[in-house]
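Read from first to last, the chains carry the letters A, B, C and D; within each, the first residue is number 1.
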Amino acid sequence: MRIGVLTGGGDCPGLNAVIRAVVRKGVTAYGHEFVGFRDGWKGPLEGLTMPLGIQQVRGILPRGGTILGSSRTNLFKIENGVERVKENLAGLGVDALIAIGGEDTLGVATKLSDLGVNVVGVPKTIDNDLNGTDYTFGFDTAVNIAMEAIDRLHTTAESHHRTLIVEVMGRHAGWIALHAGLAGGANVILLPEREFDVDQVAAYVEKRFQHEYAPIVVVAEGAQPLEGQMVLQNQQLDSFGHVRLGGIGQWLAEQLEAKTGKEARTVVLGHIQRGGTPTAFDRVLSTRFGLQAIDAVNEGDFGKMVALRGTDIVRIPLIEGTGELKTVPLERYTEAEVFFGS
Amino acid sequence: MRIGVLTGGGDCPGLNAVIRAVVRKGVTAYGHEFVGFRDGWKGPLEGLTMPLGIQQVRGILPRGGTILGSSRTNLFKIENGVERVKENLAGLGVDALIAIGGEDTLGVATKLSDLGVNVVGVPKTIDNDLNGTDYTFGFDTAVNIAMEAIDRLHTTAESHHRTLIVEVMGRHAGWIALHAGLAGGANVILLPEREFDVDQVAAYVEKRFQHEYAPIVVVAEGAQPLEGQMVLQNQQLDSFGHVRLGGIGQWLAEQLEAKTGKEARTVVLGHIQRGGTPTAFDRVLSTRFGLQAIDAVNEGDFGKMVALRGTDIVRIPLIEGTGELKTVPLERYTEAEVFFGS
Amino acid sequence: MRIGVLTGGGDCPGLNAVIRAVVRKGVTAYGHEFVGFRDGWKGPLEGLTMPLGIQQVRGILPRGGTILGSSRTNLFKIENGVERVKENLAGLGVDALIAIGGEDTLGVATKLSDLGVNVVGVPKTIDNDLNGTDYTFGFDTAVNIAMEAIDRLHTTAESHHRTLIVEVMGRHAGWIALHAGLAGGANVILLPEREFDVDQVAAYVEKRFQHEYAPIVVVAEGAQPLEGQMVLQNQQLDSFGHVRLGGIGQWLAEQLEAKTGKEARTVVLGHIQRGGTPTAFDRVLSTRFGLQAIDAVNEGDFGKMVALRGTDIVRIPLIEGTGELKTVPLERYTEAEVFFGS
Amino acid sequence: MRIGVLTGGGDCPGLNAVIRAVVRKGVTAYGHEFVGFRDGWKGPLEGLTMPLGIQQVRGILPRGGTILGSSRTNLFKIENGVERVKENLAGLGVDALIAIGGEDTLGVATKLSDLGVNVVGVPKTIDNDLNGTDYTFGFDTAVNIAMEAIDRLHTTAESHHRTLIVEVMGRHAGWIALHAGLAGGANVILLPEREFDVDQVAAYVEKRFQHEYAPIVVVAEGAQPLEGQMVLQNQQLDSFGHVRLGGIGQWLAEQLEAKTGKEARTVVLGHIQRGGTPTAFDRVLSTRFGLQAIDAVNEGDFGKMVALRGTDIVRIPLIEGTGELKTVPLERYTEAEVFFGS
């Protein structure tokens, strides 16, 4: 059997571990051959391939990034995209595809599957906001990096009697902020799922200073204040229209300085959350995902996505993983509030 | 309500995080008072207490160890142990106990509960071998420490064309060996659950050298070779009868040197696996365990143990957690074998 | 003898290690007594003290920050500042002061010394830009944190064919950028000591992409382009007049995107470079500085600053440490240029 | 010019960084060609070579180990060793050699240089015991790894009221033990340079327990008790005559348990001290060593060794680096004693 592998979307620790497990088991246990497609869907679309065998996957387990490269190319926004992919797969003699990616990548995989392409999906999102799986790989690594940063900031906050704001990833879901905030002992955690009252945040900060300790505020990049509390000024967009580094974090620092009279500083973790070597949790999860994915392909069990349920790796219909986003439920947020301001 | 808290058994990252969550929520959400019992069951047995309030739990979230101290005292092996504990609890006006510990500590808690003491248990074992919960805190930290050691050893193995053997914790269950071995890209993993054939291990090692790579063997301290392959010599016991450091690991190194003619060296990770700051996974898990435990006490839901099921923290009867050991199932071991020797 | 200790200026890993060494040796070897002054020069100025003995310094060696707190108060900008300090020292029976801080703090110490106060200085600057000492503690920690961030960013850069810009500390001296850039394998390093030609930087970036690798640019926050290449827009200042996070880094990203047509992203490490536990190098250096400082005080050798020369800790006149800034010499920069763009 | 490069002796973080710097500057700045010799002196002896150019050194800066492999082959113990090396160098058209290694490797280099071979040496020893240079690369990494282990062990020691003994590398010189012990806050440090009185060690341990804290003892593998206090039993030698893991550490644990009545446990760090990614200090030092070495070759300045003096990289006669061992001077040990037992 000849199998294509691709990785799409944002960088995420564990991608290489998935690729390694797929190839290692496919070759040694089942005698499959592999074709590496470069840069996500752009690979099959434009026939960009690379050799993919035991040699290529040696030593990549601990490495961040993806040896296949990635892109955000969406076939269905490209003329005859699907046809071209089908032709290229046929031309290369590829019998099945393993697509490793997030909502967009798996969304494309789902449609291709409906169109008769043999696809198995592996869920990937650092934000942990994909349905159908308890966790996605990369998330644990991001949370640990953010936690270590928060650990470091506590001492600065206290030595200088300052508020420190840590802006972490999460445009639509606040999982990283919630877990990093809990793990780092943050005094306030702000998520996209719930608009915050900046006066309430200031009150938490004040309370913390009264205890003679300095506050750490963890804010997801997508968190927003209550309607009308913030107008996103142009100056917070760069000349390319991207939200400038420290958009919400910087805004919050200015607000809290004004309201509390205490210095506030913002740290934006940005891309260091998504690069580098994976944690053990992510290496084991991504390895087990890869093994399950190649088993599915080998059994001809297509149109499926691998997923974590408790301690088991299971297969679910692709469509289940790519429905609506898995956001932080209210009870998980309430659970954390007991630590706020104290 | 007046609540006693104790920690028993071996050191484990996350103990302080549990204590902090219990006290923080107990005081701020429910207005409870707390008594800290020192050194496990020895505390209530001998009335050894320490103050336990918001002040005492400040800043302990990231710290390994336990501010309450620990011991392996077993009440039921001490004359009138139970009576003395009941007297002391009554004397101190303690209405309920939160016992944080492993099989022994929770075993005592179970019996006390049957004898009418109000107890809630929090499962703790670095070996992850407690039934009823998907994971225990401390395990993820231990696996990461072992993985980082393995990452470091790869380069030494290859630069010197040597076999490197890493002996990790796990007398009866091989969870740490399995996960650290998978995460570290070990070429052979040996568990207590399954006697190994030292000739098969030597064959894997040979195969790895043929690929021009040096092998890493991860062995749990409790792993044993097939009947008759090893006689544990006295010289592997120290004068206190403890298994000498590098018992099985050292023995294996000698065997592999003899069988392969290639140098073999052993590294015994020992106590560094159980000390120090917890990972994010363990900090979040232990914090959530603590919050659930104090909720249970507050609701008078005694005789229960908190547990992780998927992403939820649930309560189960104490007895369920302290039945037989949760060992590594055969399929998990087989899953890993695809990486052996390659 | 009764000795006051204070820490001034910005947070820096190793401050607590200095305090611990001073107190430990002062008490056990010489029988001195100590007074902790809070928040830098504000302490002696306003008579803000805290107890400082063996108990207070237990366990602080690995902790970042300073148990004494810090501030940027400058006595000589306050009316009767010096008189008030002298009165407070006399009132508290303090015979000598150990001042731990950077150029400002030691500048004050130098003047006080000229005015007859018994002072010994310990140099502290994360930027490593103090004269008279080979290195200052905190610098090695900052460089390691920046290096680890760069290590993580390499994989993201390559997976996404992006330029990644890492903005590190260093307003006037580029030591952190130089060492972190060398250690992290940066493809361009930009320092405050030398205006850069943004077109040359773009050329290096292009060259790197031609090699099929993605570039990492390390830029010190104080680096500036050639005259006329950059106008610092208001939008890069926040409403408090602070340079907005990602000032130069963000500007550079926009320029490089425009000039190379490849995506560029900026990561601003900010305060995580100055908090948290010190590296071994910084713990040993700060401990040895503390031991030498208390020896100097004990011998009545005042008006001195401790310093590292090779592997020795020596004493030099305070004035020598607080003259002009120690910036990166041209030859050190040229030495690094061989790695640029390749 | 055609230049051979080899690495000899034990694994040491930074070897690859030296190789990378040599090749990068040699090719881009001087247009040299390179030949990689495999496995130390065995390479030129047996003509074992590998390609060594820009491609081969890409991405190796952060990697431990050596891409050239290593061995302990000593030419002068092999018949016609020198002649065969000279023939092979001539045959391969190699004009000069860069030898990276410790006392043995550089000792051979020194003799070859006297015999007219163009050699430049780069000092390498994890033990930091080479004369003529302030520090050697690899040492800082080893010290940090040992320090992190000690940090982790503190909490275990205190939670269990145990003595913990950490055995670190250092057969003849105690630099790692001294620096890791200082950095980790050890309560006793034992070096090969000075026989220890086990009763004095027990007294320090007792004193620490009286303070209600648990002691950490850092012992170099080569440390020895006073004459007559220890008889090294056969059972502490394995069947290959190597000192069994935990030789001195294990012996000390048994002694301290017997003398203090408190549990004592030993952790032997072993090879994890010499593998894996280098610290920033070691990456910068090894990179600068490499740049200086290729400059020396380019200038025809042979028979030299590069060395660190303060913040400068200098060249000294090879012979100066390979004279007697640089051991820990008494004053450095005395400096540390103020922390013992407290």
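Just so we're on the same page, contacts are C-beta pairs under 8 Å (C-beta built on N, C-alpha and C of every residue); 3 or more make two chains touch, one makes a residue touch a chain.
Predicted model only: the values in this text are computed from it and were never measured.
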{"item": "Both-way neighbours, i.e. chains that touch chain D and touch chain C", "value": "none"}
{"item": "Neighbouring chains common to chain B and chain D, by label", "value": "none"}
{"item": "Of all other chains, the one whose Cα centre sits farthest from chain D", "value": "A"}
{"item": "Chain A and chain B: spacing of chain centres that average the CA atoms, whole Å", "value": "30"}
{"item": "Geometric centre distance via CA averages, chain C-chain A, whole Å", "value": "34"}
{"item": "Whole-Å gap separating chain B and chain C, where each centre is the average of the chain's CA atoms", "value": "40"}
{"item": "Residue numbers of chain A (touch at least two other chains)", "value": "151, 277"}
{"item": "Chains grouped in pairs wherever the two touch, ordered by label", "value": "A-B, A-C, B-D, C-D"}
{"item": "In the complex, chain B residues that touch chain D", "value": "7, 10-11, 15, 63-66, 69-70, 145, 148-149, 151-156, 158-161, 164, 234-235, 238-240, 244-246, 249-250, 253-254, 257, 265-272, 274-277"}
{"item": "Residue ranges of chain C in contact with chain D within the complex", "value": "24-25, 28-29, 54, 58, 61-62, 134-135, 140, 143-144, 146-147, 151, 179-180, 182-183, 185, 213, 277, 279-281, 283-284, 287-288, 291, 309-311, 335, 338-339, 342"}
